[in-house]
Amino acid sequence: MIDTIVIPLLKIAVLVNGVLVAVTFTVLMERKVIAWAQSRLGPMRVGPYGILQAIVDPIKLILKEDITPAKADKWMFTLAPILSLVPALVVFAVVPFGGDELFYVTDINVGLLFIIAVTSIGVYGIILAGWASNSKYPLLASLRASAQLISYEIAVTMTLVSVILTAGTLSMIGIVEAQQEAGFWFFFVQPVAFVLVLIGGLAETNRAPFDMPEAEQELTGGFHTEYSGMRFSMFFLAEYANMLVISAVVVVLFWGGWLRPFPNVAALSFLDFIPSWVWFFGKMFGFLYLFIWIRATLPRYRYDQLMRLGWKILIPIAIGNIVVTAVVKVLL
Amino acid sequence: MDLIWLIPVLPGVGAALNGILGVRYFSKTVAAGIACATMGGSLLLSVFAFVQLLGAEHREHVVSLGDWIPPIPLQTVNGLGAFEVPWAFRLDPLSGMMILIVTGIGFLIHLYSSAYMSHEPRGGYVRFFCYLNLFCFFMLTLVLGSTFLVMFVGWEGVGLCSYLLIGFWYHKKSAADAGKKAFVVNRVGDFGFVLGVFLIFFTFGTLDFREVAEAAAQLPVETATFGVLSTICLLLFIGAVGKSAQIPLYVWLPDAMEGPTPVSALIHAATMVTAGVYMVGRNAVLFSQAPMIMTTVATVGVVTALLAATIGLVQTDIKKVLAYSTVSQLGYMFLATGVGAFAAAAFHLMTHAFFKALLFLGSGSVIHAMNDEQDMQKMGGMKLYMPVTFVTMFVGSVAIAGVPPFSGFFSKDEILYRTFLDNKLLWGLAVLTAGMTAFYMFRLIFMTFFGEYRGPSWGSQNGDDHAADDGGHHDDGHAHAWHGPHESPSLMTGPLMVLAVGACVAGFVGIPAALGGDNAIEHFLEPAFVAESAAHSEEGAHEVAHLSHAAEIGLMAFSVLIAAFGIALAYHLYVRRPERSKELATNWAGAHRVLTNKYYVDEAYNATLVKGTMGGARGLWTVDRKVVDGAVNGTGWFTRASAWVSHVLDKYVVDGLVNLVGWVCAEGSYIFRRGQTGLIQNYAVAALFGVFTFVTVYLVARFVGL
Amino acid sequence: MADEPKSDDAATDKPPSADTPAGASAADGVKPVPATGGQETGKPAAAPAKPKPKPKPKAPPEAPKGPSDPLPPDDLEQPAFLVSLRQALPAAIEQVSYWVGDWTVIVPPTALIDVLNFLKDAEEASFDYCADITASDWPPREKRFDVIYCLYSTRRRHRVRVKVRAGENEPVPSVTGIWPAANWLERELWDMFGVNLTGHPDLRRILMPEGWQGHPQRKDYPLEGPGELLLESPMEWLRLRNLSDETEIE
Amino acid sequence: MAETIGFYTLSVLILGLAVLVVTAKNTVHSILFLVMNFLCVAVLYVVLQAEFLAVIQVLVYAGGIVVLYLIVVMLVNLKGEAEAHQDPRRLSVIGLALAGAVLLELAGILVYSSGSDAAVPSSEAVASPVQGNVEELGWLLYTDYLIPFEVASVLLLVAMIGAILLARREV
Amino acid sequence: MMEITTVHYTVLSAALFSIGVIGVLVRRNIIIIFMAIELMLNAVNINLVAHAHRLENLVGEVFVVFVIAVAAAEAAVGLGIILAFFRNKETVNIDEMNVMRW
Amino acid sequence: MTTAPSPMFDTDELVINMGPQHPSTHGVLRLVLKLDGEKVKDVDVVMGYVHRGIEKLSENRDWTQIILLTDRMDYVAAATNNLGYCETVEKLMEIEVPRRARYIRTILAELQRIASHCLWLGTHAMDIGAMTVFLYAFRERELILDLFEEYCGARLTYNSMRVGGLPLDIPTGWDEKVRAFCDVMEAKVPEYEELLTNNRIWLERTRGIGVISAEDAIGLGLCGPPLRGSAVYRDVRKDEPYAAYDEFDFEVPLGTRGDTYDRYLIRLEEFRQSIRIIRQALDGLPEGPVMGKVPRLLKPKAGETYHAIESPKGELGYFIVSDGRATNPYRFRVRPPSFCNLQGLRPLVIGHLVADVVALIGTIDVVLGEVDR
């Protein structure tokens, strides 16, 4: 009973809270990093170097008045942010943060597919938010978002196939173990897939330079134009949780999860004193930083260019990558 | 030896090069160079192969390049056979000898042609060498082919090349006609050959020579009956007759002389026409099992030999004489095969190849010198102008006449000897022919080279030598710049000399035992003519009869005597007393006319076969017009008549019915149209109703109807 | 490119034109003779000292009758395009004026299109750039509006102003067909002055809200209150205003 | 016991959501119920140990197909007045009755013929060299059912092209 | 409570199928009709999976994969048609889609 | 296929109000976009939301007070507006301005140009999504504001000129600070370029967007960088030199294709040219008074004139009529460059996507205070 119910529940509770806290600090990190990139300081007032901003921000959002537009579909309007946030959290169930059983909730044999499937549910939140707002800009934005998500989902899924081919398993833990056996991170054999997943991940999480659905200069905030307060903060949480998901997935798939660099090289075994979860979070942090960095640097794509990139460049490359991987796999 | 497939392929490559690229781009030199080089290479390979064959323990080598026709299971008389044809080449003594002949003589003739044809325009020149190479390719395929089908490829190929080369000057109607004639006549023979091949496969389930021979050797000898073997042999022989210009299909060969002389030498003397002989020899085992056909072969051979020789006696065209001589010599060869002396036939084939090629080339040289003049009556005294040609041709004539120790003597005597052992009557005819041969050959020599010059006079500007190689005469030979008879260039005399040497010494490989030799060639060739299994067991049987050496020498002496008589007669009639020949011709005008007109064979064919065919066709046309068209028209009228009846019926009865049905439908559809609401869901309800009915029926059947 | 204007100037009209673009402030060298005489002729009724209508509209004590349109001094050579314009359309020119280096051509509204077309198309003029269209209002005058077209040539780098005197309802043809740039400028003109422009494709208010009453730049437009309506019946105006407030609230 | 509870819970959810799908006034609500229905069916698949299908159900149905419905609904932008017009010739009531009757009959058949639910021995065990549900399914798809698989892929391609052609503005 | 057998799943499937049928027959909004069809397909899928489970034979699941593929194709084409139709007639009411009637 | 669907069934067109309160309309501009999907089929530009009647107002202010009003038009380039107005009045009154004053005016105008372009660059890049450039550009603009503050005490509406010269001479050491600023600015321009000029996304977003030919640009009355982007050599500083521009050596950058990218490049180049002008002016800054001889009571003779200068946005013209009797103008007309450039928005936008609309508003560089006046 304890093993089957209590421990997992505990883990889930810790995980959900951990993710939410991590999100708030990710937001802080984004503000700081971008500020540094723009040669300013970022939040400095709340706590030393503005660290407590991470706590103040959500409190502010929660305490704000939550406005429902008069002509909105109220049920949907409330449901949409939840639909957006829940999948982003559910996905963490299969992410192994460390090698030990303590560090993951569960390991299912279709873990990677599970992640893809559940994240694909997240699009409902955005579409329904746009639709339920009963307003033109959000509607436009949610149409954009859904088209963007669907098309980039195809590209990412196609790319993941080549990783699955390399690893020979769909289980997240299995993939890391496959890298351990192989002795190298899959980044070194699937660099193209890595780049594709990274780009696709940026697009799926609506991050710059693919943040069309919420491009404030064009669509005044996109699908959450009409949102405020708690419900807005849920979208906010969902976006950053998705960022975490993408980082975690990329780390697991390409950067050896919790493994140290070159897990087979005995000469590096002195690195083993560092616990596995530190490796994992370190790598994740690196990718979060990369995402923020990109946001600070690049202009925004135009919508048609974005779709062209997805359909005409990423998907063909992904298919080509699958073919090459399969051929190499068969030949070896 | 594994490279023997290259022997045919090399000339094939040359032909392809010249044919595809050459006609467009190659200069004369390059084209001739390619052709000669490929032939030379082929010759080298042949020599190597032959040497290796000589040294080999087991003198048979088959190289298969792979499947041509993959195995196809087929029902045959002897059960299930697989029809399988590999691209296989067989090198054994017989084919070894043949490839030497073909490549050797072919090479020489290529060299010769490069000079002889030098007045052709470039395109024609290249085309000529392309054809020539192609011919060599097919001939070598024919010779080396290990199965009937591969042989047949070569067989048909050489026929094609023969046609192409005879009609090489296609703008000349006679040449074109001659080509067609050769082609058509050959087809008659080929038809027999193909039927024979079919029958062979049907009988033995295989087409491989060796396997067929093995199988045939197991069958009883058909001495009395005319069984399947005899049929096969007869059919094959028909093929051989066509290809080797025997009675009754010899008519094409003299006409084939319309082609360029090297062609006559190569194809219509040395190689292609001997294919028939070769084929019969190749199937010696088969023929040995069918004595009746052997007799037929011998008879046909000797009659052909005699007939052709008689015609040759009176011909005045230098090439025609040689052509009939060829027919006659081929008859000899068939005679030899007919009496079971396959080795002798092959031997004669070889020697014949040498001297006949020599003679043709020599005649070509003369013709060349005489500005394309072929009539011997307009020659004479040529030995002064062209000594090399004269000497070499003289050697050739001596050889063919059977004067010892030239090559023809040994081979011809072998044949005569074996014939004598077999059938005295045939021997007599053969000897008679030998005499005639000697006569007409020397008649040729004397008319051409001796006596005074009877040809046309040539221009006075004798001294202007270099005009001969002026660029001016490249179109129609020497038509306008002929400076009288002259010796041919070294490229032409060279081959002549080589061949002359051959004609002198080729016989020494077969010096009979009676003369102290061991008849090496016969022993060399013998294994090719017997089945593997039968080779040893029936060895005794072949030694049918044996004369003493003395008797053999006596026979030789007799035949030499006959030949000497012929030569003497010729000398008498054409050198000493030339007018006597004319007297003879007038005295024996009827016979002379018959001979000059070649026994009216062509006319007879024309009157019977050609006219018959035409008449038959006309008759058929008449039948077509009167009977068939009449029937058709009658049918048409009947159809129209019945159509009217049907129309009436249709209009009032059928249409009435149809309209009735339509009316009923139209009226009835008012009821059903209401169901056609255009609402998809209503249709779905109907479908659901069907489901409901079905389930209900099931339920009723299950729980009530139980 | 930089040398082009000089040569053009030289070709057209040397002494005055070289100075005109420089403007008054820059041109310290040659003072373009103020020509007082011309000033007097152009402004005959300039006696009353009252400058302009006071906020109270009822007593405008002798508003100025019009701008001073001083004639050019006689010794000033006229630019080539004016000369050729005079030749081409002699009847179209009412007056040529010159002041502090700026040339102005005054034409009647009927001849406006012809003159402008000529100025745009003629080689020595080639005024392809319509810099500005505006007006000034002189209420006492019968033809109260001065509609002014500021033209510039990007090829020859000279300027000219064309002035049309038009009455309150006198039609002034639209020049959008000549310069698309005139579209909004004429809209503003109409919005602000209510000049009767004819042939404009899209004559709506541009700066003032739609449905605005009156034309604010007119001199007789009240300086207080929302519009002419207030002038005529203040109660009605108040009612309308309340009405619109209610609709907005709803 | 747990399975029983789970099954009945899921069944009620599935059927209830299905009824809501069919009866909802607002198309978008209907779609949302459909998604939930599909998610419940996915859970049912997990109960039946078909994890791969469960994931595919979510990925393709919920994440793909229904999103398409949603987008189309948003494009046509309906607010409930879609069913204004009713053709008088409709046979809805008959259809409803028939459907109910068939359901009852089927249920009857099933319930009464359920006596022999002894686990039928698996007809020959599929000789696949791989272990695990997903792997086995993949093995089957790419060996025995390769041709149907390819046909399905061609079908999808054709459908894709057809959909693009249909939805193009200019046609 | 009795043990859950395949019959239970089959009954569930039949019920779901019937709901789908009713949806198809009763509703007039073609998008809802499409969704009802999806429901019917799901009923079939449940049946297939249940029997695959019972027979311990994965062929049933293989066919579910195909059904899903076909459903995707159907949705794509069907929705394309709906869009085209809507563009022309401004409605998604199936009762007005009767242009094919005689 | 015949496209043109009947208006009855035309479901594709979506009308969207962009503004008057929208993040990227730079104030209170309202665009009524008619969209076909995401493509703009037509646009109606609506303005007047900050119409304050400055022209009317000026007719009731005396000549000096008006300077203060001109500050409020193009509020990001107030000094340029002051300059234009003062020069017009000086032309009308034929007042000679001391050379030192003209030099300082030039320096101020060019500093103002840099400041204005900084603001434009930041917002333009921000519209296209490059947020860092925004802060970089504003950082440098801040330095200029500091300089202005030191000179005249104000940071935005400077009121920094007077008819006949300047109210104040420059503070001690100010010229050195300007010099230092020039060095800083020169180093910063490459930073902007590094982030944008060769950025693929930036290129894709700006190249070939909003192309307008030279003829159309002239015909539409565009001015300033939009006109020069279409390769029309037109710069009032060169064509009709005012202030002290005829004494300096600088170049007028021209575009080639007339697209957004060209206009971007031109403005970046104008940064450098402005720095060049400022340095020359500082080098050659003459000594002397900064105020010319001006009557105590400004009262121009009756007459009218039009005078244009090159503001950062383009040709800023003033048309002033004086009746010769009052201490205020009879008619005060501004020819606002933003207004004329904004007229070019519609032809530029039609056919592009919504996302391009913001890029095009940015590239035109409008300030609504000037458009509406």
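Each chain carries a letter (A, B, C, D, E and F) given by its place in the written order, and its residues are counted from 1.
FYI, contacts are C-beta pairs under 8 Å (C-beta built on N, C-alpha and C of every residue); 3 or more make two chains touch, one makes a residue touch a chain.
Everything quoted here is computed from the prediction, not taken from an experiment.
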Which neighbours do chain C and chain F have in common? none
Quick note, more Cb pairs in contact for B-E or D-E? It is D-E
In terms of CA centroid distance, which chain is the most far removed from chain A? B
Find the chain most remote from chain C, comparing centres computed as mean CA coordinates. B
What is the distance in Å between the mean C-alpha positions of chain A and chain D? 29
Provide the C-alpha centroid distance between chain E and chain F, rounded to the nearest whole angstrom. 63
Centre distance in Å when chain B and chain C are each reduced to the mean of their C-alpha atoms: 111
Distance between the CA centroids of chain A and chain F (whole Å) is 43
Multi-chain contact sites of chain F, meaning residues that touch two or more partners: 12
Residue ranges of chain D touching at least 2 other chains are 52, 56, 64, 75, 87, 90-92, 95, 99, 102, 106, 133, 169, 171
Which parts of chain E, given as residue numbers and ranges, touch two or more other chains? 21, 25-26, 86-87, 95, 98
So in the complex, which bits of chain B are touching chain D? 677, 679, 681-682, 684-685, 688-689, 691-692, 695-696, 698-699, 702
Counting only contacts in the complex, chain E reaches chain B at residues 21, 24-26, 33, 94-95, 97-98, 100-102
Quick check: in the complex, which residue numbers of chain F touch chain A? 14, 16, 22-24, 38, 125-132, 134-136, 139, 195-196, 199, 201-202, 204-205, 353-358
Which bits of chain D are touching chain A when the two form their complex? 26, 28-29, 32, 35, 39, 51-52, 55-56, 58-59, 62-64, 67, 70-71, 74-75, 132-134
Hey, which residues of chain A end up touching chain D in the complex? 73, 75-76, 79, 108-110, 113-114, 116-118, 120-121, 123-124, 127-128, 130-131, 139, 142-143, 146-147, 150, 153, 170
